[in-house]
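The following pair of complexes shares a single chain, subunit A, combined with subunit B in the former and subunit C in the latter.
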Partner chain A sequence: MEIFLAQLINAIALGSVYALLVTGFNLLVVVGGIFPFAYSHIVVLSMYMCWFAMKMTGDNAAVGILAGVLSGTAFSFITEPVFRPLAKRGAVLGSFIVAMALSLIITEIMAQKLNMGIVISFPQTFQGKEALIQFGTATVTAGQIATIVGSIGAGLGFFYLLYRTKQGRAFRAMGQSPFSARLLGIPIVKTRIYAYLIAGLLGGISAVFLAMAIGTASSSLGDNLALKVMAVSMLAGVGNLGGGLVAALILGLSEGMVLAYLPGDWSQAIAFGMIMVVVMIRPKGLFGTMA
Partner chain B sequence: MSYGPIKALRGVSIEVNEGEIVVMIGANGAGKTTLVETILGITPVEKGRIMFMGEEVTQKKTEYVVASGLCLIPEGRGILPLMTVMENLQLGAHHFKGDTSKNLELIYRCFPVLKERSKQMAGTLSGGEQQMLSVARGLMSAPNLMMLDEPSLGLAPTVMKDLFRTIGELNSTGYTILLSEQNACQALRYAHRGYVFETGEIVLSGTAEELMHNQRVQQAYLGGVV
Partner chain C sequence: MSLSLYYYFQLTAIFIMLGWTLYWIYRIGQLNNAPIAIMAIGAYLSSYAVLTWGWPFAAAFAFAVICGAVFAVIPALGLGRAPAFAMVIATIALIFIMQTVFRNLPWFGGALGLFGIPKIKNLLWITYGFLIFFGILIYRFDHSRLGRAADIVFEDRDVASTLGINIYLFSVCLQVMTGVMGAVAGVLYAFTIRTVIPVYFGFPFLLAITTFIFVGGYTTMWGVIVFTPILWGIPLILPESFAAYRNFIYGVLLMGTLLLRSEGAIDRRFLRWLRIHAEHALDKLTHRWKKLNHVRG
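Right, the complex of A and B next:
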């Protein structure tokens, strides 16, 4: 029973980071007007930046976190001009292809140039492996708590922005009808740039929590995450922000539980399996597209 | 405010003075929508100029034009169905600097039903209510010039009458209005001046009185003698 609970906490921690990733992803879909396949790769690149920063400062966690968050924001911001002409034309498939090209470039950079392609490990202290709560033989670590609380916090902050502020309304208006948004005098290009910045910020925060939750990163993590983000997104309905959260938890939970009880890495298969089922039965996703 | 020739519109030149209601009548495809979209900076101008309150806005981006005090209430309403009535109104004030409560007061006075429904999803409103919301949204920015594109489209006759009456009331409180309408009869009743559009050109212009008594206008748009 305790083992089950421990695995459950682990799965929730994983699910909550996925939720954050999917939120950033959806923001780029809805406001950016593109299919941001390379988003996860940018996140993993930020994980590398976090790792480098800590290596250079003797495992200083604060520096690492700052590096991760800032690089996520910066990298996302840099990619905006690349996608701008595609978004303007509504070329979603085109953006997917460009994003895939970008993801391949990032993956290669990580495989060849960063840490000579060797898997990076985050310091134990950073991962927060000390047990904070104990029940019987099972423990809940500081890292897990930080991840869950942090992801929920970031998620809530984002939803506050989206539903209670002027910029958030502008985001939603653009997502629902770029033409109407334009008539209202909402600056289209500027608003898209803000979306990239915020998605990047969420990505940077996710990078930090992923470092805690997974503990390692490699060049193949980008593809791995991208698949899962796509799975969650499609499960919920691409662009559906609220549904994305629920679906992320579903994926996190299933992955976590299967990981605990079945040998081998079934996580990618699960993700793919979910995409398959959704595409065949409910192409618009469980909750429908567009929030 | 005046224009010169524009592509898909040939040699079109109109003028709207402060405090007027100017109406553009003409069939679908005559160029009225193209004109208002061009004014707003959505469609590019090939030849000619757009002057607004003494400033040239011909090549300016839509966000600049809107921020200068122009607003368009588009054909088909252009409201956001997945957002609440209140949120739609708040979006209308995106560029408005200052306290919006006065604007809301005016809106709720003209359209009390919007106050009742302020928390409802805009998509659940009836056609007439959506049109009211669209106009109200325009009012939220306290525009110097309101342009309405076919506001009566798809509305029941009584609702249409109310809408025009409201437009007339708004004008008497100081709003300058450029109206594009297929329903010439009602529109001319409230307007000061008008232009008649046919296939991208202006074929007639004059005061509302003159147009109402013009034979050609009567035959084509008023269904015989008024």
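Right, the complex of A and C next:
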């Protein structure tokens, strides 16, 4: 029972980070009009920036967090001009392949140049491994609580922006129909840029929480995360922001439980198998695509 | 022939075959990456049959290809009607699933894989024999009613349905055919490298093949033939410090091509231009030959 509780909390922490990642991903799908496969790679690159900042400032967590968040925002912003011509002509599949190319470039930079390709490890103090709540042998760490609370906070902040602000209305209008949004006087390019900035901000925050939750990062993490994010997006329905949150939690939970109770490295296979089955039976996802 | 040249020719042929698997199914607008996963099945099953059961190469080859074809049917039936992205993600997921399965099953050697696969005499001829066979198949497909039907499906699925094209059946058949090609490529790959490990059939490999097809040109089969030897071969002759950046070069090329020339280097317009100029040159040559003969006569 205690192992189950410990794994459940771990799974919820991981799931909440996935939810944040999927939210940023879906924002770029809906407003950016692209399929941002390289989004997770940008998040992992932000993890590296966070680590570098901490190394340079003697493991200063505040500087690391700031560096992670700012670099996520900046890297996402830098990629906007690359995808603009593709978004203009509605080449979504083309944008997917360009994003794959970008992911290849980012992975190679991380593998060849950053920390000489060696896996980076975040300080124990940053990961928040100290137990705050104890259930027998199972513990809830400060890092897990910070991840869950922070992800919920960031998610709520984003949905407030989306449903209670003018910018959010512009995002939703562009998601429904960029043509109609233009007729209504919504500046398309500016709105897209804001979407990239906010997606980058969410990505930077996710990078920090991933660093806390996983504790390490490597060049291959981007590919793993990218597939999980895409898979969650397909499970929920591409572009479905609300559905993505639920699907991310489902994936986090199933991964956590599989890791706890099955031998070997079956968690990925089972997670992807689940998604394949959903895609084959319900190609538009469990909750449907964004209308 | 030197060993390095042998590997270059052998692997180029195999990568051309894999590029064609992506090309063939993309003719109807679907990006299906399942052949890479089925390549793993072909490689592992043929190697296992030879190493563990002691089967001869021909029997192991047939067994692996049949299993690959059977396995290709399963996702094909489910993904035949799937939207483009569903197929892309599901088939990428399939690659990861296959990797995980082979990595965790002890009788396939786990993470270490299978090694000591015996050398096959005349494997180069066998490989190029299959390459020519698949090339002719795809060429005949492209220049037939099926090829024209694929063009319509690619342009507008609704119009294709209205014209009576069964898109689902078309998709399933192409997925199975490309699965068979993937299995053949897998067997040939295993017996070339003589080692099979799960990491060979992963995402970086898929990205390399995607680069060959999209940089070469995805609207014709010739782009893969011309550009695979170049893209595969150039990093081999570069100094080691540059060769390590092979994936980086692929990423830059892929991005540049899609942004600047979305159909790739060799597209249909280029082929038409080449054909027209070749015909003009031939006409000129024929005219000059006739003139010369007339003067002599």
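Throughout what follows, the second predicted complex is superposed on the first by the 289 of 291 C-alpha atoms of A that agree within 3 Å, B and C clash if a C-alpha of one lies under 4 Å from a C-alpha of the other, contacts with A are read in each partner's own complex, and residues count from 1 in each chain.
Simple rule for what comes next: a residue touches a chain if its C-beta (ideal position, glycine included) is under 8 Å from a C-beta of that chain, and two chains touch if they have at least 3 such contacts.
Because the structure is predicted, anything quoted here is derived from the model rather than measured.
A.B. asks: Looking at A:193, would you say it contacts subunit B, subunit C, both, or neither? Reply first, second, both or neither.
C.D. replies: A:193: touches no partner chain.
A.B. asks: Report for A:250: first if it touches subunit B alone, second if subunit C alone, otherwise both or neither.
C.D. replies: neither
A.B. asks: Taking the superposition on A as described, I'd like to know which of subunit B and subunit C A:109 touches: first, second, both or neither.
C.D. replies: The second partner, subunit C, only.
A.B. asks: Which partner reaches more residues of subunit A, subunit B or subunit C?
C.D. replies: Touching more residues of subunit A than the other partner does is C.
A.B. asks: Pick one for A:180: touches subunit B only (first), subunit C only (second), both, or neither.
C.D. replies: Once the two structures are laid over each other on A, A:180 reaches subunit B alone.
A.B. asks: Examine A:85 and indicate which partner it touches, taking first as subunit B and second as subunit C; both and neither are also allowed.
C.D. replies: Only subunit C; A:85 stays clear of subunit B.
A.B. asks: Determine, under the contact definition given at the top, whether A:205 touches first (subunit B), second (subunit C), both, or neither.
C.D. replies: neither
A.B. asks: Just subunit B (first), just subunit C (second), both, or neither: which does A:280 touch?
C.D. replies: It touches subunit C, and subunit B stays clear.
A.B. asks: Shared contact residues on subunit A, subunit B side and subunit C side combined as an intersection?
C.D. replies: none
A.B. asks: Enumerate the contact residues on subunit C facing subunit A in the complex.
C.D. replies: 31, 75, 78-79, 81-86, 88-90, 92-94, 96-97, 100-101, 103-104, 203-204, 207, 210-211, 214, 244-245, 247-248, 250-252, 254-255, 258-259, 262
A.B. asks: State the interface residues of subunit B toward subunit A in the complex, per the touch definition above.
C.D. replies: Touch list, subunit B to subunit A: 40, 42, 61-63, 65-67, 71-72, 74, 78-83, 87, 90-92, 94-95, 137, 141.
A.B. asks: Which of the residues in subunit A end up touching subunit B in this complex?
C.D. replies: Those residues of subunit A that touch subunit B are 166, 169-170, 172-173, 176-177, 179-180, 182-188, 290-291.
A.B. asks: With touch defined as at the start, can you tell me which subunit A residues reach subunit C in the complex?
C.D. replies: Those residues of subunit A that touch subunit C are 35, 82, 85-86, 91-94, 96-98, 100-105, 107-109, 112, 223, 227, 230-231, 234, 238, 264-266, 268-269, 272-273, 275-276, 279-281, 283-284.
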